[in-house]
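Letters A, B, C and D mark the chains in the order given here, with residues in each chain numbered from 1 onward.
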Amino acid sequence: MKRAAGRDPALLFVVAWLVLVLLTGISIWTAFLGLGVFAPAVQFGIAATQAAILFILFMRLKGPPSLKWVFAGSGFFWLLFLYGLSFTDYATRQGWPHR
Amino acid sequence: MSSVAVELPPNYANEEHTIGSWLLTRDHKRIALLFFASITVFFFVGGFAATLMRLHLATPQGLLQPSVYNRMFTMHGVVMVWFFLIPSIPTTLGNFFIPMMIGAHDLAFPRINLASWYVFNLSGLVLLYALVMGGVDTGWTFYTPFSTLYSNSYVFAAAMAVFINGFSSIMTGLNFVVTIHRLRAPGMTWVRLPLFVWGIYSVSLVMLTATPVLAMDTVLLAVERFIGVGLFDPRRGGDPLLWQHMFWFYSHPAVYIMILPAMGVVSELIACYARRPIFGYAGMTIAMMSIAILSFFVWAHHMFVAGISIYSAVVFSLMTYFVAVPSAIKVFNWTVSLHKGRIIFDAPMIYALGFVLLFTIGGLTGLMLATLAIDVDVHATYFVIAHFHYIMVGATVSAFFGGLHYWWPKMTGRFYPEMWARFAAILTFVGFNLTFFPQFILGYLGMPRRSYTYPPEWQAWNVLSSAGASILAVAYLLPLFYLGWSLVWGRRAGPNPWGATGLEWTTSSPPPKENFERTPVVKLGPYSYDPERGSYITQDGVRHA
Amino acid sequence: MPSRTIAPELQYADLAQQGDTAQLGMWVFITTETLFFGALLFTYFLYRNAYPHQFALAARDAVLWCGSVNIGLIMTSSLTMVLAINAAADGRRRALANWLLATAFLGVCFLAVKGFEYYLDYGDHVVPAVNFIAKPGEAPAGELFWVFYFVATGLHAIHLTIGVGLVLYILLWRVRRGEITSVYYAPLEVVGLYWSFVDTVWLFLFPAIYLVGRS
Amino acid sequence: MYQWVPFWPRTAALNAVVVNNLYIAELGVCGLIMAMVVGMMVTFCIRYRNGSAASRAGLAQKTWHFEIGWTTATLVAFLVLFVWGASIYIWLYKSPPGDIEVYVVAKQWMWKIQHPGGQREINALHVPVDKTIRLVMASQDVIHSFFVPAFRIKHDVVPGTYETLWFKATEPGTYKLECTQYCGLQHATMKGEVVVMTPPDYAGWLSAQGVNQSLAQQGEALFREHGCSGCHGLNSTVHAPTLDGLYGSLVHLQDGSVRRADERYIRDCILAPRTFTVAGYPPVMPDFSGQIGEDDLMKLVAYIQSIGSQRVSR
């Protein structure tokens, strides 16, 4: 490799960008399909995929294992605590939702 | 004495004298002292409110207007939690000693460190604005919908102060995490880190992961307060308990933000003054890290009676029992660390032993509160007040003062007066218990917190508590005087007056600007004390008799 | 343009360590930002799950084309940002400046579209506490959606404004003074991380705001 | 003596006896642990003080044995207490069908009580001894908390929903009623008393109130006043669900979910009918939020409850 270490060629980023745009298109398309309760799952799944592309390529997580991975992931991991443990309340609380 | 007013050698503090050299410094040691000045001011602001409250509660009729009393306990809570206890040990002792204990020349991001101090003071000014304009009467927990739709006080400004304060927490925590990861001296492996460093590391992780949730919560609170429409509004189908969920997602770990660094400090003190290695180093580190993580699983134990699902409450109660286990391990290890030691009862050790006892009482009553059925009874009574003061004030402040005395010679190059310090340490312990133990009884009798009046039959306990508070006030004020005195007239201290093993003791007292003449090389773990021979080995591998 | 030799700070052994540490610092900060916006989305999921119909009705007024244009703009800006970093690593000063300018420009365009969208929202009478009028069937929880909308997009816009400021600072100060070289361009990488993170936030806000109640 | 320095609250309900036992057990366990810690600490401090002659040879090295043993022992002890506490909690908060159902409205800064017989009182609650009293509580403004120390029961009253609580008083007397959730300026004075009476006294008290309409009857009047009977009445031409026999039954909603028609459900339906459209009915009912105060709502609920067929427990 002639390029400076740890960098990817511009072409890769352009392709990744095209994929991102394509995924956005799909996401918008699904909104009109009437998927009901599955729509948010699909749309947020696509958003998560796009975020992964951004994190791994554009934010250069690609490469050997590093501490960056831990911190990149720990925010999402910690959110699971908030979402998961709150769920124990909201899923079983009497009288929620109010009204 | 002949040692009076001896000039100190060139060091971080006397190298430059201009005001600008302090206000624009990037030296972590100077920033630690800047923080020390700020939090001391807030400690006495919060303490002033506490004094007024205890004076008021000495009689059932009281002496303050109800509106004033409500503002006093809110101010006491907000100031003490965010402006004293949370920053106390990390920003002062942590800031000063973390780089030195890992053999670094500074923190990773000195500018961010300084910015943290400015942001802290900015948030303090916003809070003071709220107080001067008329105060806040919601309690430090800002429960909705009272805080958003009903209170006629400066909730918006106070919420903004808390929000801005969070940036300071995050900046400090981020700095510590990155520094401990990246700037350890050669040979300073993770298992050679002193427990104080582990304490600060774990607490920094908690600061980083808890604070943003509170920040978002206060933003939503401020929005609802400002425009009168918001996500916690029950009239629009909002859930007032959502505020509590997100608030306690931060504020329960916040209690551990206060106690984890204190645990670190006390581990240093006990090892040094018992002259033996701390018992179960690995267990201590695992306990601290698991407390840091488990602290996020227990928040809804503040909401057992708030109307959450009973099944959820059972889950949170179980989690709370689990978090008690590492705390119990730590108490056990500290106690066993005295076994076959060569115990010296200097002031820091008295503070440390006081810490262990107060922490144990606080922890055990916490266990009672984790028991669901007991919590239903004593929730939001003085039992809870007493419990968390034992942890947050009794334990944390004892550790803070203990650490301050222990490292005082290193920070200033001078000894504090030992007899006065011992007296203050004992007085703290006595005064504290006298203040808060009666509150356990009051709580079980059913005295609700945040009440400006109470039935006359409870006066005896309240008078006892107020009497204790006056003793405690003296005990907390004393160090201000004798430590100040020692700055000028204190006996000169050498590099390692206590014969301690940490890297910070291998450089001169006070340390030079760059901490170490050259980067130290670490040869072995902390606490290489030998009680049998009375010798010790500092972490750079030098044996001392 | 001059090129400067930069010395590492006191506490670092060399520039590589300094740059690496700076990036790690930004990653730690991104952890906190993830939790910050994650907490906001938590409130969103909670209420959307509790009041699906009101949310669907309320969200129909969200201007889809504005959101879609903006997601295109912001994804493109991530591309230009990463190309700027490539240019910096290769020492192509001219290209670096151009890509940074493009990034800042796309950021400003995003903010302009956002501003125009707020104007349209005002016309639709969906601004809570200002001129909110509930449509039939969306009361009372529909208003919660709009509170979320303004808090989320407002905070995102603030983050993006800061990002534009940082890019301009790198461009007008660090690059012009020759402090960004192929040897040491960590400050640019740090800003790039932040920029792409702000982009990520929008990726999640987009389906949350614009794709609800379309069918 | 008791009057001057009380150590222990009065114990005047079935709930309180059960909680007391647990509390005493916990005090015992905690006292034991505390004694161990203090005992060890004092012993070591004296024996191994600097300058003492005790031998320091052979420091304990194998730490894991101690630690695992200590951890397991504490964990087991804790788990017993957890299970005990949790089972009482569930018993305390799963309200059984009450012998008497009392409606409580909390507002800044008073407790408004409505008895099923239509009697109303403020900051006082009169109940007979040895009967299960079920409280249905609502808040008109901020969060309050209903606390009777002598019964060891407490529950927050959150605006926007109903909360329930029960107790069974065992001793006649007058007991403190407190608000324990800070609710504003006069929070400290938001107090009252629970008067537990013998059955004859209670009957006497009820009749002395001079009320001739029961709560349900008052609710029926409101039912007509607000025009509810126009649609939900028997002779109505509008296609609206009938309310006879509704209370306690299972209702299938338009969105496919099933709800038990308890007090909370009825309240929710009145305030936000569109959220709870019943399957097979058009969503035509107007929204009554902001038009009916909490006390009138409770009368309506009591009325609909009175024409229901089954009793509800949760």
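Here, contacts are C-beta pairs under 8 Å (C-beta built on N, C-alpha and C of every residue); 3 or more make two chains touch, one makes a residue touch a chain.
Just so it is clear, the structure is predicted and the values come from calculations on it, not from any experiment.
When chain centres are defined as mean Cα coordinates, C lies farthest from chain D. Looking at contacts between chains, the pair that accounts for the most C-beta pairs is B-D.
Taking each chain's centre as the mean of its C-alpha atoms, chain B lies 36 Å from chain D. The geometric centre of chain A is 15 Å away from that of chain C, both derived from CA atoms.
Computed from the mean C-alpha positions, the centre of chain C lies at a distance of 46 Å from the centre of chain D. With touch defined as above, residues shared between interfaces to two or more other chains in chain D number as follows: 160-161, 272, 275, 289.
In chain C, the residues that reach two or more other chains under the touch definition are 24, 28, 31-35, 39, 42, 46, 50-51, 54, 140-141. In chain B, the residues that touch at least two other chains are 181, 209, 213, 234-235, 237-239, 241, 246, 249, 307.
In terms of inter-chain touching, the protein chains here all touch one another pairwise.
Of all residues in chain B, only 66-67, 70, 137-139, 143, 145-146, 149-151, 234-235, 237-241, 274-277, 279-280, 282-283, 304-307, 310, 313-314, 317-318, 321, 324-325, 328-329, 331-333, 335-336, 338-345, 353, 356-357, 360-361, 364-365, 367-368, 370-374, 376-377, 379-381, 441, 444-446, 448-455, 457-458, 460-461, 531-532 touch chain D in the complex they form.
Of all the residues in chain A, the ones that touch chain D in their complex are 94-99. Of all residues in chain C, only 9-12, 17, 20-22, 24-25, 28-29, 31-37, 39-40, 42-43, 46-47, 50-51, 54, 128-130, 132, 140-141, 143-144, 147-148, 151, 155 touch chain B in the complex they form. Residues 3-4, 7, 10, 13-14, 17, 20-21, 24, 27-28, 30-35, 39-40, 43-44, 46-47, 50-51, 54-55, 57-60, 67-68, 71-72, 74-76, 78-79, 82-83, 86, 90, 96-97, 99 of chain A are the ones touching chain C in the complex. If you check the complex, the residues on chain C that touch chain D are 51-54, 137, 139-141.
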